[in-house]
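Multiple structures follow.
One chain, chain A, appears in both complexes that follow, with chain B as partner in the first and chain C in the second.
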Partner chain A sequence: MAGTGRDGVVTRREALIGAGAAGASLLMPGRSAWAQGAAKPAEIKVGIATYLSGPASVFGVPGRQTAEMLFDEINAAGGIAGVKVRPIFVDEGPGVDHVVGEYRRLVQSEGVHLIFAAISSADCIACAPLSDELKRPTLLWDCGTQRIFEDNRYSYAFRTQANATPEILAALLYLLKVKPDFKSIAVINQDYAWGRDSWDIFRTAMNTLKPGVKVAAELFPRFGATDFSTEITRVLALRPDVVLSTSWGGDLDALIRQASDRKLFERATFVMPLAESSLQRVGKALPAGHIVGARGDHWFLHPSPADPERLKRFSDTYKAKYNAWPIYPCFHMAQAVSAMKAGIEKAVAAKGGGWPTDAELASAFKGLEFPSPTASVRIREDGQGLENQLIGTTLHSDKYPFPVLTDMIVFPAESVTTPVGQKSADWLKTLTPDMVAKLPQAQAFKS
Partner chain B sequence: MAWLSENGILVGLALLDGLSYAAAVFMVAVGLNLVFGVLRVLNVAHGSLYAIGGYAAASIGLFAASLGAPPWLGLPILLAAAVLVGVALGPVIERLLLRRMQDREPVLQLLVTFALFMILEDLQKLVWGVQPVVFDAPLKWLGTVDVPFGQDAIPFTAYQLYVLPGVALATLAILACVLRYTLTGRMVVAVTVDREAARAMGIDAARVTMLTFTVGAALAALGGALAAPTVSLVPGVGASTIVLSFAVVATAGLGQIEGAAVAALLIGLGRSFAVYVAPEFEVVVPYAIMVAVLLFRPQGLFGVAETRRI
Partner chain C sequence: MTRRSETLFALAGAVLILVLAYAVPWLRFVLTIALAKGLAVLGILLLLRAGQVSFGHALYLALAAYTVAFGAVLVPEALLLLPAAALLAGIVGLLIGLFVVRYREIFFGMLNLALSMVFYSVLEKFYALTHGADGIRLPPVTVLGRPLAGETGEWTVLGIALVLALACGALVRVALASPLGEALAGIKTRETRLDFMGVSPKRVLLAAYVASAVMAGFAGAIIALTTRHVTPALSYWTTSGELVFIAILGGAGSVLGPFLGAAAYELTRVYAAATFANAWQLVLGLVLLAVIVFAPGGIWGMITSRRRAA
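The block that comes next holds the complex of A and B.
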């Protein structure tokens, strides 16, 4: 037994060595079993930050459900490289300080091997530096802010999906393609960072690609607002050609319902880059002919998935288990799980079957390409994921009790993502109108 | 005047929006104010009762619709759900929790009702999940009304134009009449003004308190039920509502029923005009009004300054 001398008596030297080792371990709190010995762990523990409370739990809970479903599938198939995986969920609901505390607890007390963080951009901005500080591989699984990898470089943080720039730019390009002659626009976004930032991206790109569009109104109702009647009256009176809303969750549902009740959809074309996540809830209150995005190429009826069987299996399993078709946070979680599996397998293979250290696992994520339910995602050298974008137009079909998408355009990731080393605000100003002419062919809904 | 003649129709539209918003806010704030008047407890869990009222109305309404109930039945269902929630939860909360907190420090009362709020939030998630819930049959049944706007017409929902302000006005009138002209109402007022003196005169203050809290809970639930046809009920809906209600109550003066109506109107119209004139201040306006009022009248618009008892 280490630390004992002859006949089990602890010598002074051994006691000093033991105390020194204990002190060193306290000074290096972020080190896991992998880092210390790179021995095969009994299980792979994964800390997952998601919203389990508050308005964003409409995304967070489907994300958790997807993780549970996919972790079970992985374990049923024997785990990753023979090791079972176990999720440990933490709630983003209480705020950034709470998530930061939970991140440290997950690493230092739970000894998690990987962390998936988070839905909130503010949480991701706080967790990315922590990943480097505690040297724990961290997959940013859902947050949208483009600033993380544009403003900083991290060795342990990687995003397994796109960011706000391609998500919003794709919606604008689609609008320019299907309604090129629009002259005025109004925006109704939630009054917080996402609502403001996404409008900045849209406006910057719009001013570059179609200068002279009149901004009839910029309305930012309170986050979590339930009543949009004043905003709707204002927009009805102004009669813009287009209404943009990057809102989500209950806010977007309420806006869609109230706008529908008051016939605003009949007067303007709506562009809603996140509305895929609301379609099943609002049902046919959302009329046909409006533009909807999905923060990626996520759509359970994707017109040209790379592996149709994979998408069908994922969607059908989720539907059977949770009685709803998967929405974009489900796909984002699936991508994080897929990246984790591919990353660990790559790192293990690189070590000839041995277990990687934290640093070796982190470097495995650089340049990693992994399958998503609809296509594949590649993590660039700056840590940003390259993910295609799907935008479509709503259509009412007898087959579903909610609008489906038609005239779908799948934007290749590279064409809409800010290149490495550039900032979105600058890159968007260099776009040229011929981008619109080069867009891929739209694909119709197939019943 | 030139501005008014140019923008008179817009002002009219803003007035209509402001009125319906004020009505919705009043329904929640009046219950909160009534409860504070009698119990002297600022009940944070009032927001949860609002949310549960909304969820209950939506659940009962959707269940009735699935059985083939006509859409008009949705309106009485909203009222019935509110009464049900008030009667089921009000006495329990008052008897088990608030009564024990009555003479404690305000900060302790606030913490206990906040804890209750958190528990009820989790309970909502257990029962109704996290996906938004809506019940809009009554709203759709009532249809829309076209309000002339120059050569154009702006559609408003009849529910928004008539039902919300109508119910708010009726609530205000009923409360005012009951408090002024009925024996029970006078007992409530007596307990509000001086609990000990009321008890000395033979009023069963405990019973009055429970009755008042139940009515307050039902009013919160009615606010949620009336919102159910227009909003999406999601986790956290109670929290955002209670914050605005606090602003109304603080502006009105704690314990003031008519004051709550005036404050709700001020805040509703202020927010509505902000959307038209300076939309960037929409979120701030209700609280700016509250701060402006409290700067000049710390006891609120209709509150009565009290001498501190040492």
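The block that comes next holds the complex of A and C.
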């Protein structure tokens, strides 16, 4: 009697071991061949960590859509060095321990050749050391924190875009150029790491470049807040010249709509370094004359793209497929895909057509320069990508149902990125005001 | 189920975990996390015996995980960090327990929830120390002076988790069969009777509460040593909810329930996430619904009822 029950259970579990072991053994051989650099793999598998659930899916889903679109394009053109590519998506929604587990599964069970990780800075901080431990080339495709390559060095992790320092510094420099005489500022940021970090960068740089600006209020509404009436009332009463908000997603949409209803936009100039991703959702609720950034030189109407044809094809294909213009995570994904293609091709060429090992592929990314939809990005020796920054001012045009950008300044990557081996917090204190005078010319919106 | 067959079952489970971890390398990580969560749920089980549901045990999980993360800078020895983290969780559990055991049912659950959310906010707000939502990366840790890294590191943590799970499981099994366990059940059925018998229900519940905090502390320390990255999400209410979810999934009938539940939960989650990257929550939800509707006693209940039927 006792036997029957236990037998039933054991059988079920045995089935599980069987399935797991079979799955693993099926996938392992192809993988080890790649590791020895012996044979061409049947396909290049790419694990992609992105938000498919939760608030950050406003970035994660467009990122996934772009990956699907570009992987299809690569495959239609015959793959990379003759090998087709296949994305395997994992959800960042459940948090760091889930992503770390998924990273291991992607490497040890799926046998992916490359990993794109991740949107969340916490996930990137956790995955970068894993890339070295499991020796799998990893492209950090969207996360913002500057801590990763400033605090550590990795041989297998590379960032195919900029980081928080240039993204925020560019917005400040733009503000200093177009509104040099502002005297006070208020900040309304989400109450979590990014909101705090980005304000820290902005404040440090502002105190260096324009000391004496009064900080009227530092407001950190809860992450995911839907009601900003308290913050708006406070700012209306304090009347600062400038309001900074590095918020994004639903938080920023709600803030913009509520601030617009209460005419706050008429009293202060807003600086919103991430608002490019919200423009199409808030539409013309966001008035003209406010400063908007895009975490890089990401704008489907970029005034001076390196290859206008390339940008137009990218934007139009995305728009045709998903009925929206691409936003910055789409561009970040396009950069990761482009880096992957350029990296593999470089490694294959270096081997005279043979297939590179994981280590050879990883070293191909060091110093790699690859095209982005708008310009090109170079990966520095410390793994950090050098990406230009674009900041502009909103403008209402009849051609689009949402604000577009005008007076755009494209900041060359080197001028706003912390040099190799320095920490952002220290470097920002060495900036000099003549930086503002040396900025490139602003470029107007061309209809 | 008799004590002997339960012991056999536990040992068989331990062997099975080791076999699985050997056969499928990436499952080592998942199983270690499952064992850790099982440990925390074991504490929840003690409280469930008294009819109390805590929606805030993630507090002790996160407290221990952050203790390991901060402590590792000073003393990078896992075998010292682990008990230190559990001890701290136990001390905080005693302090908090002193007043939460005065409340019952929804008030008990909500108070725990509130306190864990306070801790969550502390982790988020003391940004300069904790790096907020980005979390802290653990510095390199050693076990008996040898670095805890790579494959041996994974096996070591899995081994520690397994030993702790077996030891705590056995202790809780003994405790539940002791007068203390009977008194806990008494709180659930009729508390006044305990008073009449001269047993203080508060003291009984406090003992269980502190024990559950210590076990959640062990769990948090193991999670920190496994993921090597701690974030405030560990103390968020959803983590506490997850522990209660696992307790229901596994069944409260036996000390094996939490571990069965945790393994089922983690495996369902990873397989669901691997198969349906954008609908895995749906799969997990359906599994829980199915368990509630068709097997109110959880997985353990399913096993025992089948035995009875046979």
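In this section, the second predicted complex is superposed on the first by the 411 of 447 C-alpha atoms of A that agree within 3 Å, B and C clash if a C-alpha of one lies under 4 Å from a C-alpha of the other, contacts with A are read in each partner's own complex, and residues count from 1 in each chain.
Here is the rule we go by: a residue touches a chain if its C-beta (ideal position, glycine included) is under 8 Å from a C-beta of that chain, and two chains touch if they have at least 3 such contacts.
All values reported here derive from a predicted model rather than from experimental measurement.
Q: In the overlaid three-chain picture, which partner chain does A:Ser53 touch, first (chain B) or second (chain C), both, or neither?
A: both
Q: Kindly classify A:Asp191 by the partners it touches after superposition: chain B alone (first), chain C alone (second), both, or neither?
A: Touch partners of A:Asp191: chain B and chain C.
Q: In the superposed arrangement, does A:Pro401 touch chain B (first), chain C (second), both or neither?
A: So A:Pro401 meets neither chain B nor chain C here.
Q: With both complexes superposed on chain A, which partner does A:Gly353 reach: first (chain B), second (chain C), both or neither?
A: neither
Q: Figure out whether A:Pro308 sits in contact with chain B (first) or chain C (second), or with both, or with neither.
A: Once the two structures are laid over each other on A, A:Pro308 reaches no partner at all.
Q: By residue count, is chain A touched more by chain B or by chain C?
A: Residues of chain A touched, chain B against chain C: more for C.
Q: Return first, second, both or neither, reflecting whether A:Glu218 touches chain B, chain C, both chains, or no partner chain.
A: In the superposition, A:Glu218 contacts chain B only.
Q: Touch check for A:Leu236: first (chain B), second (chain C), both, or neither?
A: Once the two structures are laid over each other on A, A:Leu236 reaches chain B alone.
Q: Is A:Pro419 touching the first partner chain B, the second partner chain C, both, or neither of them?
A: Neither partner.
Q: Determine, under the contact definition given at the top, whether A:Gly101 touches first (chain B), second (chain C), both, or neither.
A: So A:Gly101 only meets chain C here.
Q: Taking the two structures together, which residues of chain A meet both chain B and chain C?
A: 53, 191
Q: Per the contact definition, I'd like the list of chain B residues that touch chain A in the complex.
A: 10, 13-14, 16-18, 20-21, 24, 121-122, 125, 129-132, 134, 136, 139-140, 144, 149, 152, 154-157, 160, 227, 230-237, 239-241, 271-272, 275-276, 279-280, 282-283
Q: Which residues of chain C touch chain A once you look at their complex with the stated criterion?
A: 5, 9, 12, 16, 19-20, 23-27, 29-30, 33, 124-125, 127, 131-135, 137, 149-150, 223, 226-229, 231, 233, 267, 269-270, 273-274, 277-278, 280-281, 303, 306-307, 310
Q: Tell me, which parts of chain A touch chain B in their complex?
A: Those in contact with chain B are residues 53-55, 57-58, 60-61, 191, 217-222, 224-227, 229-231, 233-234, 236-237, 239, 249-251, 253-254, 257-258, 261-263, 281, 285, 324.
Q: Residue numbers of chain A touching chain C in their complex, please.
A: Per the touch definition, chain A meets chain C at residues 1-2, 4-6, 8-10, 13, 16-17, 20-21, 23-24, 52-53, 89-91, 93-98, 100-102, 104-105, 107-109, 121-122, 125-126, 129, 133, 145, 147, 191-194, 196-197, 223.
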